[in-house]
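Here it is, the structure in full.
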Amino acid sequence: MSGTSSTVSADQHYVWKRPHFIESFWVRIGIMILSAVYLVYAFSTLEIDFQRVARGIPRAMQIFSGAIPPDFAARGSLIVSGFIESIQITFLATFVGVLLSIPFGFMAARNVTILPVYGLGRAIVIVARSLHPVVLGVLFVKAVGFGAVAGVLTLLIYTIGFVGKLIAEAVEEIKYGQIEAIRSTGAGYFTILIYAVFPQIMPRLIGLTMYQLDINLRASAVIGLVGAGGIGSTLNSAFGRYDYGTASAILIVMIGLILVAETVSGKLRRFTR
Amino acid sequence: MLEIKDLVKSYGTGQPVLKGLNFSTEGKKLTAVIGSSGAGKSTMLRCINRLVTADSGQINFEGVDLLKLQGKALQNARRQIGMIFQAYNLVDRLTVMENVLSGRLGYVPFLQGAFRRFPQDDIDHAYQLLKRVGLSQYVNKRCDELSGGERQRVGVARALMQDPRILLADEPTASLDPKTSELIMELIANLTEELHLPVLINLHNVAQAKYYAARIVGLRNGVMVFDGKPDELTDEHLEKIYTSKDELSEQLNPEMETVK
Amino acid sequence: MSKLTSGPLSELTNESYHWERYTFKQKMGRYLAFFVVAGLLLWTFNTIDVFWPWVWSAPEEIQDMVSRMMPPNPYAVPEILPVLVETINIATIGTLFAVIISLPIAYFGARNVSPNKITLGIARLIIVATRSINTLIWALLFVAILGPGPMAGVVAIGFRSIGFMGKLIGESIEEMDWGPVEALQSSGSSRGHIISYAIVPQVMPTFWAVTILRWDINIRESTVLGMVGAGGIGMLFQVAIDLFRWNDVSMVLVSIVTVVLFGEVVTGLVRRKLI
């Protein structure tokens, strides 16, 4: 056949190496060295006191023997009321929080607001997200006292930060053509939001609310540790009293509750398409 | 009724897309706007209802300069201008009926629109339009379950729900197959004749333009280079309008037989 | 005239119609959902243990506290900085520790690849248990066992992250395409080969995404570990609050926001490079 070269000789060898993720040799080496240096440094700051760890093992045994069997009876009513309070805080904070997140979320979406409003909205959402609910809990407890009020306020801000950002992302992803069309019919700003933007983010909203219920449920348990109400304070006092039986009982119920909540919200999410 | 004077528009720091465009409607005809991509057809249309704001010039609609309007006045002007889009631009998650009714959003107060409480007259009108475009059986169907041609028919119904004084269509058939494309063009041409509505359509298919339009306007590089009746459009004119050789040859020797 | 559209509009203008946005069933469903939610909220309001006078005084109190926090005290920065670095370290090492452990756990916890029911059960149990207990609670436990210090924090972060990553990576394994595995099995490859050639490449993208995400979350978590004695900036925060040094408190808050933002910037950059 004309045009083809001569046949491959038996002596010809080919070399193939799998292409590296990072092409440049030096960049790869550089990154590896930097990572190694960082890890060595970071480990050294850990203050690993092996003696302390060794002493810790019997202590761990002590804890586990106290924790098993879990003791539901001794502080049973406290456990129940603690959990109920956590659930209440969760509900309130989630539903009110999601409602409030909607305007903040829209404010933080570049494609539907003007620049200064966008800046403000983004700033609020970022700060609300960066502060751990425990931090917010401590602040609110100092401001309004111990108990459920601090808890609700804490999770409210937490929800606005979380859901607000997710709403902003959803709004920024919508198809612009739909806004254009409604705009061209002469509709006003808020009408455009309701008719063209809202339907596109509605399904996400329902999923987000369910998801946030789960997250807030966990968070409500933790903020109790600093006095913002709910099962956290019961847990904290149990640990403080070395009452590991009650503590493990609380933890078991917590795991169960979270699992139940997740299953329910999963089913509901599928139901509402 | 619509008069454009010296319209200039550039996006960013590049060359202006519209360079002093002049145009007026004549009577209640169907006017086709042709030109290659980037000639300014889409920009011109979007400038008219202010989806895009021109840098300078005048757009006189029924005696009012649209470029000077703001807020409620602009909304009131927009609701008299109906627009059909190439990508249909329906709110996919809403039903056909809600999309058609959205044409009235420039006329109803905010709360009514938000709760979908439209006046009975609007509902009747919507049903009639849906029957006219042949979609009565889909009244409560979600728009993302419809085909392209069906969606564009909803788009047509929505635009006409506005009771507009003029209809703009930005390449309404570009996303459709040839057969459906003909259907939609027929629908637009017939309906607007029944309603005595002036129409301005951007088309990339010159054969369609020649068949349906009473007047053809050719744009090139942001200015008008042809304005006349379809049979006055000669090959030399086409050469002036379409810059690239490929586009020109495509227009002169279309692959598919699209006109009956 | 095409068959799909009907006669001229003028013939249709006399008919009147009825339209409802939702069908009866849909309306009932919406009402039901509304009443359930409203009912729950009402019950909550009624039974929640709240001292209402404190609620009404809340806005004032908050305003008062905020004014006392202004302006943040810049002289606190030298003290804050090393602790901030420690916070990042805790998050990083904790995540690393979790990465190493969660991979085998995810493997054994995935229905389609786990060798037998027992390993599946144990792995799943570990995942569920570590997931459902918050980092801070783990920290409480480990401070009790290992004593106060960043070590407890690292282990707490690690444990929590095992559950998080194990679940997501496990799901990714369960959802992967079985075809390449079959192909390798039919060519006589060992289990190890199958894992590295067919499973790992498919799960890689999820693995990176999950790791980066968890690191980001862990930075936030690390900021509060100090409050139970597990190292990091939480300790400074607690001290400042206890001593009512409000200007220091706000400076610590600023530094927390900064370090979290730093984490977000880094994760954003890495995500863009990897995806």
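Each chain gets a letter, A, B and C, in the order it is written, and its residues are counted from 1.
The rule is short, and it goes like this: a residue touches a chain if its C-beta (ideal position, glycine included) is under 8 Å from a C-beta of that chain, and two chains touch if they have at least 3 such contacts.
Computed from a prediction, not measured in an experiment: that's the story for all the values here.
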Sorted by contact pairs, first entry is A-C
By Cα centroid distance, the chain farthest from chain C is B
Cα centroid separation, chain A vs chain C, in Å, comes to 3
CA centroids of chain A and chain B: separation to the nearest Å works out as 46
Chain A residues touching chain C in their complex are 38-39, 42-43, 45-49, 52-53, 55-56, 59-60, 63, 84-85, 88-89, 91-92, 95, 126-127, 129-132, 134-135, 138-140, 142-145, 147-149, 153, 218-219, 221-222, 225-226, 229, 235-236, 239, 251, 254-255, 258-259
Touching chain A in the complex, chain C uses residues 37, 40-41, 44-45, 47-51, 54-55, 57-58, 61-62, 64-65, 86, 89, 92-93, 96, 128-129, 131-134, 136-137, 140-141, 144-147, 149-151, 154, 220-221, 223-224, 227-228, 234, 237-238, 241, 253, 256-257, 260-261
Seen from chain B, its contact residues with chain A in the complex are 49, 51, 72, 74-83, 85, 87-94, 102-107, 110, 113-114, 155, 158, 162
Chain C residues touching chain B in their complex are 1-2, 4-10, 12-13, 15-19, 21, 23
Interface with chain B, chain A side, in the complex: residues 175, 177-178, 180-188, 190-191, 194-196, 199-200, 202-203
